[in-house]
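Order of writing sets the labels: A, B, C and D. Residues in every chain begin at 1.
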């Protein structure tokens, strides 16, 4: 059955015949393999153009910064999935990717939307007025500020200053970083307590300033995290902890439902 | 409940405190972000050590070679999943990753196991004798040779010669590439028809010769394909074809089951 | 790291020791297995209580109604995933489940939220005034009405009248069905064209009237679709069409990107 | 590109036109919705025929038996995925389904293959000789016996005797249950220690005796577990423990990798 109008029936990413594979207009084997880095290729695939040196450096920095942070929930879910289903590495990677949602890694996209919305109001408004207006709406709606606050790195996230420095060194720091810093300054005034910019906020700001498209911002933490998942799953195959993670998690939770007469729960 | 002995309770990938994030022994912000490429970081995460220049070049080449090949099944599944569930980019990426299985991208791992098994019999046997023995076992078991044959690139896959050239230029071509070439030469003799090495076979051979670990070979096509999925999903958000793909696929299939009296199927 | 306050550390669904498994307060083996239907068990698991006869009949009817509708996008994605990764049936089921999103099966939840919001304004407002107010908001925001309209069953979806009849026969038809019918009547007035209630709208209305919880409405199409996916994947193992679906879908899409001089795309 | 011969281009499960939906030859709305149970529909979808009373009772019993067992790894992974990505219930269900692998719920299929292989050698061999021969092969290959042994229910799994009783009461107990019991008796002799039949073994035996198809056995625990996941995710929306599960799991694991001078890991 036809869902939607289906007027669009083309794609501009890749084509091939028996001898040649074309990616974004380039002969894959003649022009790209062995000549560009994977980071160049990621930028090319997503934007249609090869990056400049500054763009490459910023994309590399964000991917390196967000790939790994230990046994975070997506890694925990992934490792226990491999323990239960070792025949399907791809299933364990997918289980980890599914945890890249609005609360955790997806906040980079939400932050990018916020910074983009503020930037779009300039120059009709000053950057500060634009940021203040949007923060006021979030506060009134009792919503959090995406890209600010971290459960461990409360005072400051070391990745933030590093990413901002890289952006400055690369010469691409611009409006979105300016707005991101303004927001960090305005939060205590509006919410009554400080919230440091976190790595998702910094990633959003530096990518947008580098000319990376908003619609693909969420892809950066997902791609980076895929590398981390593969590393953890390689370790899991050799030194498995998946069932320890599941068991210890479950042990911390009590049963508080009804129970038949005389029943006592055992070790979970 | 405790599944398995659970004697292993440690991990060697990352640790952190409020000020510092350590990845594979390095201070993430002080030593890595802004200083190494994402490809360096992938190698570091998976192996525990930063790559040499030749290793980096080979890993880059394999990631670039396998990332994109148009509307392959995993991309098709991913784009129709985003059309149905646009609120969850991570779900569409996961659906695509789930198609990295034994028949398609996972064959890189199967090929790596074959090359590794042959290499392990050397020098007790000659490389040719080792390859011949393993191929004989596969043929007797009526199993395919993983890493050889392609539905489109029948005579030769342009990515194969390119990857082998890069490995040679980088100075890492060794035993596994030798065995992979031997197998291509032996297949017509044993199966009675030629089967060209495909990109999965070439990836397996050059990665093993570069010192990349066998257990993580499948991760390379998965990581590369994640980049491709993000590019396709960025396009899908702007020029959607997900429901066209599903509808046109379904239209090619007839219903051949029982039908109530007088029922005629409509357009599917 | 601790994300969130983590004050909640209990669950009320199940507990066990070496001899007994308790589910929602019942001895699983002594009271449930062999004595209740799976539908009873689904209701018990989700709500904490066994259903009455009318509730069981309505839940059965909705699950039967929504399970299967041919080669819909989620089934297409699932079958091509199994073709690519036959070692992991669970991966193919998961790929299909990932297509139960806001546009397709998840609209049952959106419809339930709409009906619930309208019902909550009664009796302060009349049902019609409540429905009219909420539809007005949707129309002003240029949003669709969840639970109405279908690409194939344009005039009427045969599952809708059947589900409403079952609800009436079971004696549970109430406020939510009333509101769902009102909305169908009001849509032409507000949008200027009719949109028939679809199966998602009907499922939402009859489940809410039966006392099924709003937060679990989306679970009904997901559970039903899982049964359909298993049937399709059983057929796929015997009569594979997964790669036909992918190939025919891809063939309908043209490449409209840049191409190197002299390059002509082959058959996709 | 065409992968495989693609000669098969039909499906026998469902067809529809604007007025009628046909499922397995039945008019969905005229014959099925409101008239059969979901369990009947599951059997119909998978086998093409409605079940008899004994078949329905056995399928209901297996689905009820395997649906829920507390905070098992698939539930833990699912709940932490919802905590990280609350916008996508389907993603959390999929993450849980991905844990239905060869080690945990998928062992029902492996057990079914074992019982089926033994049954296929009868009457050329006695059931005991067939079972003994196959167990001998598993033991020689140092492989486990699928369907036997459980980390919590070591002496006996209460679900096993209950399912076997239901099968006997339903009048379908036959060759596969006989073989399953024989294997339990032979294990101590061959492995030198007892291993009680577990719920996966019992499910495999009673389903095969009821005439349920081997290729779909793994679907039963997956379908049942989907119901459990929906119940847990409904609770997770109201009383979240997902991040507690992840954090407590991670806290049980130490970092044993290299560390920069002076670095001390904080609370994980």
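Heads up, the rule we're going with is that a residue touches a chain if its C-beta (ideal position, glycine included) is under 8 Å from a C-beta of that chain, and two chains touch if they have at least 3 such contacts.
Since we're looking at a predicted model, the values are computed, not measured.
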**Asked** Superposing the C-alpha atoms of subunit B on subunit D takes a rotation of how many degrees, nearest 5?
**Response** 180
**Fill in**
Top of the farthest list for subunit D, CA-centroid basis, is A
**Prompt:** Distance from the CA centroid of subunit A to that of subunit C, rounded to the nearest Å?
**Reply:** 29
**Prompt:** How many Å are there between the centre of subunit A and the centre of subunit D, using C-alpha atoms for each centre?
**Reply:** 34
**Fill in**
Per the C-alpha means, the centres of subunit A and subunit B lie apart by a whole-Å value of 23
**Complete:** Multi-chain contacts in subunit A, i.e. residues touching at least two other chains, fall at 1-4, 9-18, 20, 70-73, 83, 85, 87-88, 90-91, 94-95, 98-101, 103-104, 106, 152, 241, 243-244, 246-247, 250, 252-253, 255, 266, 268
**Fill in**
In the complex, the residues of subunit D that touch subunit C are 1-4, 6, 8-21, 23, 28-29, 32-34, 36-39, 41-42, 45-46, 57, 59-61, 63-65, 67-71, 83, 88-91, 93-95, 97-101, 106, 109, 152-155, 158-159, 161-163, 165-166, 169, 213, 215-216, 218-219, 222-224, 226-228, 230-235, 237-241, 243-244, 246-247, 250, 267-268
**Item:** Of all residues in subunit A, those that touch subunit D in their complex
**Value:** 1, 70-74, 76-77, 80-81, 83-88, 91-92, 94-95, 98-106, 152, 241-253, 255, 266, 268
**Complete:** So, in the complex, the side of subunit A touching subunit C is made of residues 1-4, 9-18, 20, 22, 24-27, 48, 72-73, 85, 87-88, 90-91, 94, 103-104, 151-152, 252-260, 263-266, 268
